[in-house]
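For reference, the structure is listed below as structure tokens.
Chain nomenclature is as follows: A, B, C, D and E, assigned in order of appearance, with residue numbering initiated at 1 for each chain independently.
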Amino acid sequence: MLEITGLSKSFGALQALDRVDLRIQQGRIHGIIGPNGSGKTTLFNCITGMLKPEAGSIRFEANDITGWKPEVIANRGIRRTFQAGKLIPGMTVIENVMSGVNDPVGQVARDAAFRLPFVPSRRESEIEDRARRILLMVGLELSASRWASDLVWAERQLVQIARALIAEPRLLLLDEPASGMGTKEMEKVEEIIRKVREMGVTVVVVSHDVKMLMNLSDWVTVLNFGERIAEGVPEQIQKDPRVLEAYLGIE
Amino acid sequence: MSLPLYYFLAITAVNILMSWALYVPYRMAHLHFLIVANMAISGYTAAYMVLSLHLPFGLALLAGFVLGAVIGFAVALFIGDAPTFAVVIVGFTFIYITRTVIENTEAVGGTMGLFGLPNIGGSPSVHRWTILAILYGLVALVGFLIHRFDHSQLGRAASAAFIDKDLTTSLGIDIKKMGILLQTFSCTLAGGCGVLYGFIYKSFHLDYFTFHVVGILMTVIFVGGYTTLWGTLLAAPVLYGVPLLFPPEVASWRIVIYGALLIIVLVLKPEGFITTRFVYGIESFLSRKRGKRTPLTKPQEDV
Amino acid sequence: MEVFIAQVINGISLGSIYVLLVTGFNLLLLVAMIIHFAYPQVVVFSMYIIWLVLEVTGNNLILGALAGVTSSILLNLISAPLFQKVMEKRGEVDINSTMVMSMGIGMIITDVLSHGFNKGHPIAFPDTLAGGEAILRVGLISILPGQVSAFVVGVIAVSGFFLLLYKTRPGRAFRAIAEDPNGARLVGIPLLKTGLQSYALSGLLGGLIALLLAALIGSASSGLGEQVALKVIAVSIIAGLGNLVGGLVVGLSLGILEAIVQGYISGTWSNAIAFVIMLLVILAKPTGLFGLKL
Amino acid sequence: MASNDQTRAHADSQQALLTIENLSVSYGHVNALKHANLQVFKGEIVVLIGANGAGKTTLLETALGINTPLSGAIRFKGKPIGGAAVDRNVRAGICLVPEGRGVFASMSVLDNLLLGAHNNMKNVGKHLQRVYEWFPILEKRQDQIARTLSGGERQMLAIGRALMSSPELIMVDEPSIGLAPIVVNDIFNILRMLNQEGYTILLSEQNANKALKCAHRGYVLETGTVTLSGTAAQLLDDPGVREAYLGA
Amino acid sequence: QDKVVVTEWQIPFLNCLTGPLASHGSMYQWSTNQAAADINKAGGIAGKPVRVIGVDTANDPQKGTVEMARIVKESLVALGPVPEPVIMAAMPIAVENQMLSITGTTSYEYASKFFPWSVAWFPPYPKRFPPLAKAWAQEFSDMKQVIQFVEPYGPWPMMADAHVAGLKEAGANVLKPIEVPSDAVTFGPLVVKALEQKPDGIIFACNAEKIAKMIKELKSRGWKKMDHLLVFSSGDDAPLYTVGGEDINGIQVYNYVNPDTDSPRWNAFKSAFMKDHNGMPPFSLSTNYYDALFMIKEAIEKTGVTGDPSKLKEERKKIADYCANVKKFQGLMFNWDMKDGVPTNKPLYIFEIQGGKKKLVKEIKLAG
């Protein structure tokens, strides 16, 4: 569904991504691991159009999306979360989730402007219902009307996921969704990611929690210094000597 | 209606509309002072149309709106997604350039200004009621639109853009398009306001459109609160009206009072007097009274 | 050629006013994250204090200078807690809030000056402050001591503060506090003390600038601050906010540009032309020619 | 860990480096800490385990003086420090590596490190060398602006920065967040090494396994109260702890 | 005369008491207060005391209009407004409500728009300035080329145009004027540009502070013939002297006020003014406001205005009509004749400045 070939990106002298090839198959949970600074977030940034890669191409479904604008890519069905939970503090949780849906600007403006007074927008209430359902799914239904700035770290991550999901993406990129979480929360996140997959969304997860990632993923890619050093099913990866050396450490 | 009340109401309405024109792009952190230049450009053009070309007021007003929209749109094509500072400075720069152009344009009175705008509908009282009707009609309409906007996808998108650009684009929002929409909207409004402003005064002078307008608008929007439209709506008449009631000795320190108020509000209540939380609190209170289902915004006790 | 040289020198002299003010403005930005939109007004306020003391003491230059510097420092220290309070709830928002707040301060200063000092009339400084006779006069070319000192001090201030901020321990601490006061506490920087130091330092510079402007311009009016404020901010943005060296280059260039336009093209259009050029630069490169330094 | 008993015996014989007694802290109506007690002895690694929102960060921050306690006492080397200014405590020898990569985002890596040594510029060169040895990647990124560091690099920078002041007590808030396992191992190794050099370490962790393995003693924090404490070995064996924090 | 019904005549004065022009406003205010005091000392207006009520417009049209709308409800007549933007915004209200408002600052070009509800305090430019400029230029035999510094503000460009006509009559070659940007801080570039064209004389039509600075620049670049510099009337203002200091010695200014007039009334006014203004002699606009209040007094007394609210409309008209065509009105400086709101016999004076004092050079009578 997503096919990356020869993707390169450098910052000055630093080669953050070096001719990375990656195939992400429909319906899978695809794990990406790699030491710090190996280019995982950069890879996400390239896929979502926030950085312009220097070389290589990214194909999503039928289109070559290399160099597209981030908002266009997001609306084509690729959504992401951020490593540091970025929420909008001045809005409530449910509004934050609802902010994930964004129709074209003109269409929204029309929806807002050309309606009789006191007629609620059908689109708007539909979005709200969807937001509620998704909050229920991530287990935050009771927090719907809390202010985003009052949330703790773990909850922020969940809201981020919910916000990405409400747009019904076909590909979801999660950047360390479980970082800073305790075992219990982590299990919850794991469960949520599985549910997401059941909804038919392909998921790419970056995480440093090897145990969770290996449990979860159907396929794992390992990056190191911007290069792909290994790829395979989790069991295989866990035994790969290069991975052991570069990432897992030999215990 | 008494004359002072008319002027008070009319100028208040312009201040409300103009503060809203400032408010709308500021939702995405664009402090867009271009609107003041727009007021001048549209106002002078309309005056020229009425005085020299003898066109009817309605047409001139329409032209004001259109001109505002066109200029706003053209500029927004460049700064629709620019950082705050760039927007601020572009606005100020435009004010300067506009001034210079008007100064040197004899057809609109140059540095002397214009006088003799006719009463709409002939008699002074018809004129006044027409102006008020148009102004408050606009206030209602624009307030309604902004309220809609704030509670729509666009409002949420603007809030996101206020915080973080990357976040916003990752939500599938075309910042530039949104910036163009908001800026054009506010410039359109400002264009119309400029025409009406002139027809309130029945005259034009360059100094109607300078930094004191900017000062008033800034005070209104930041003291009232820049997170909802209600703060502006309340602050505009209060900030403009209350000093008129001061005795002369106090009133002569009006600017100092404005400045001090601005500082106090920023220090004690940086989001202004009326905040979203406050409004949501009231909304949920009202709807609870009316026995509706609890809105999404009901504050909830933390555990 | 003579005229051209004279105009360039005029431009540099005008440019040094911008450079001095931009440097003070940038310093506040760097050490306290304040967009001090009304910085020129604050400087003009100090100029008025200098004038007042000169009047009272019968043109005692030393006391005047001292008073200017002290008042500038005091003003900074008084406004510091206010800005700090605004910065406490920091986020992307608050750099805008400091801008608005400083506009409030500017409104107050201008108004107080306009009917609190000298009955609102412009003030004039004694010629002795400017340092007397022209250093050089060839035909239309003329260089006054005040112009030279403003330019020289401008250049020295820029390089001095550059070194201080980027190469020394206190400078690092200033920047750290500006960026994240809580983080600065974590590394053991005493917030209050260091904060006050940085404010006092920028106050000191403010006083110095006031003195130099008094010598260079020779007079001041309540509206002087507002007159130059916009250009100062524009210069700072074009150079890249917080970029000291950029401010020097752009400030001087703007001065020269204005002088050339006024001298060869048109006086009334000179602002418009300067602003159109600035506008184009900003539209083309919103983060400034020399990059943000925040 | 072999040296556990020995250290304990050693520790008992002397005054505690950090003592927290009956500490309560609240944020408005949220009581983040309720009568918490804790002691850290010189030369120890003590780990604080607790779920999200248990109050670990609050405890560490209060010890440094960022929050003012509602009640209770904090003593460092016998002297009460509750309510003292943060910078005084830092100069007295406590430091905190904040949770979530709190570095000066607009400054270079080197500037960040030098800021860490703000109060201790004597041996800057040496300390810098040592930090670069532990985190070679930081040396490579020396002139990069911290904003553009990867998440993990920032975490390393935060720890490196704290070490620059060569403190007596290092408090580390969840060091493993967002770090690759190999780096986490490294960090725990470094903490252990630091400990052997004589530093005392107080550590908060949610994923307690590795932390407990390198620590001498541990405290379990639940909704603001210390519910369990003991040597690392005891906690590792405790069925409750195993169930809740070790995911076994 | 019918019975006067008021116990006190209250004359509102829409003035800029705060804001950037507050210094001027306070001087105007001083004059009206002085006039009121003098009138009251001599028995008031029709036997009743008069009081001038200062209403601040703060140079702000928004404030000015509301204040004017308030005043216009019950006042017989008003003073002000000041300054231009407020005049433009607020005068239409006075016109619509048919109340005379005397702006002592307005020249014919402004006032004529609002006639008959405003009177001009100065005759039209084409009438008064050409003779003046001509007389000045003819005074010097070496006056071959003249250049003007013109700031684009209010009527100044028009005034400068009027100078040109007179200069041409005197046979001088008028060079292209130097435009002075209103926010200029330093004046080197402008002065160099002017000197480059080698003028023999210079006329300044700008703000007083700027004129002073430009004269300093001229001197520092070797300008010697100080009396070949002429400052126009609005420039003869306090800042010219405070900022100019010693450097303006010898330059010429023109103006409507001759401080050396010798009449008891003038002398009393002058010494009171100097006492309250650090020894500074009066400037033209202040005398206008002094005169304005007296003119109102005369109008009320001569036309039998009673102040009766029910006759407001007709009494307003009476006052306006009287002022517009007043004859032989005894002003501070000279006796006015007005025709249709325009003074017909207002003299102009050219002075030379020496040590901050003005020495009369010439009096110029209006042509026609």
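The rule is simple: a contact is a pair of C-beta atoms (placed from the backbone, for glycine too) under 8 Å apart; a residue touches a chain by one contact, two chains touch by 3 or more.
Computed from a prediction, not measured in an experiment: that's the story for all the values here.
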Notebook entry, point to check: What chains, if any, are shared contacts of subunit A and subunit C?
Noted result: B, D
Checklist line | Contact-richer chain pair (by C-beta pairs counted) among B-E and C-E | finding: C-E
Next item on the list: Going by C-alpha centroids, which chain is farthest from subunit B? Tell me that one.
Entry: D
Note to self: Can you work out the whole-Å distance between the CA centroids of subunit B and subunit C?
What the structure shows: 31
Next item on the list: Starting from the mean Cα coordinates of subunit A and subunit E, work out the distance between those two points in Å.
Entry: 73
Check: For subunit D and subunit E, what's the span in angstrom between their mean Cα positions?
Finding: 77
Item checked: Residues of subunit E whose C-beta touches two or more other chains -> 17-19, 152
Next item on the list: Would you please write down the residue numbers of subunit A that are in contact with two or more other chains?
Entry: 89
Checklist line | Per-residue multi-chain contacts in subunit D, two or more chains | finding: none
Checklist line | Contact set on subunit C toward subunit E in their complex | finding: 3, 6-7, 9-11, 13-14, 17, 110-111, 114-115, 118-124, 127, 134, 137, 139-140, 142, 144, 216-219, 221-224, 227-228, 258-260, 262-264, 266-271
Checklist line | Residues of subunit B touching subunit E in the complex | finding: 2-4, 6-8, 11, 15, 103-104, 110-113, 115-116, 124, 200-208, 212, 216, 240, 243-244, 248, 251-255
Checklist line | Complex contacts: residues of subunit C adjacent to subunit B | finding: 35, 82, 85-86, 89, 91-94, 96-97, 99-101, 103-108, 110-112, 115, 226, 230, 233-234, 237, 241, 268-269, 271-272, 275-276, 278-279, 282-283, 286-287
Notebook entry, point to check: Along subunit C, where are the residues that touch subunit D in the complex?
Noted result: 169, 172-173, 175-176, 179-180, 182-191, 294
Notebook entry, point to check: Taking the complex as given, what residues does subunit E use to touch subunit C?
Noted result: 17-20, 22-23, 26, 152, 178-181, 183-186, 188-190, 192-193, 195-196, 209, 212-213, 216, 220-222, 238-239, 242-246, 277
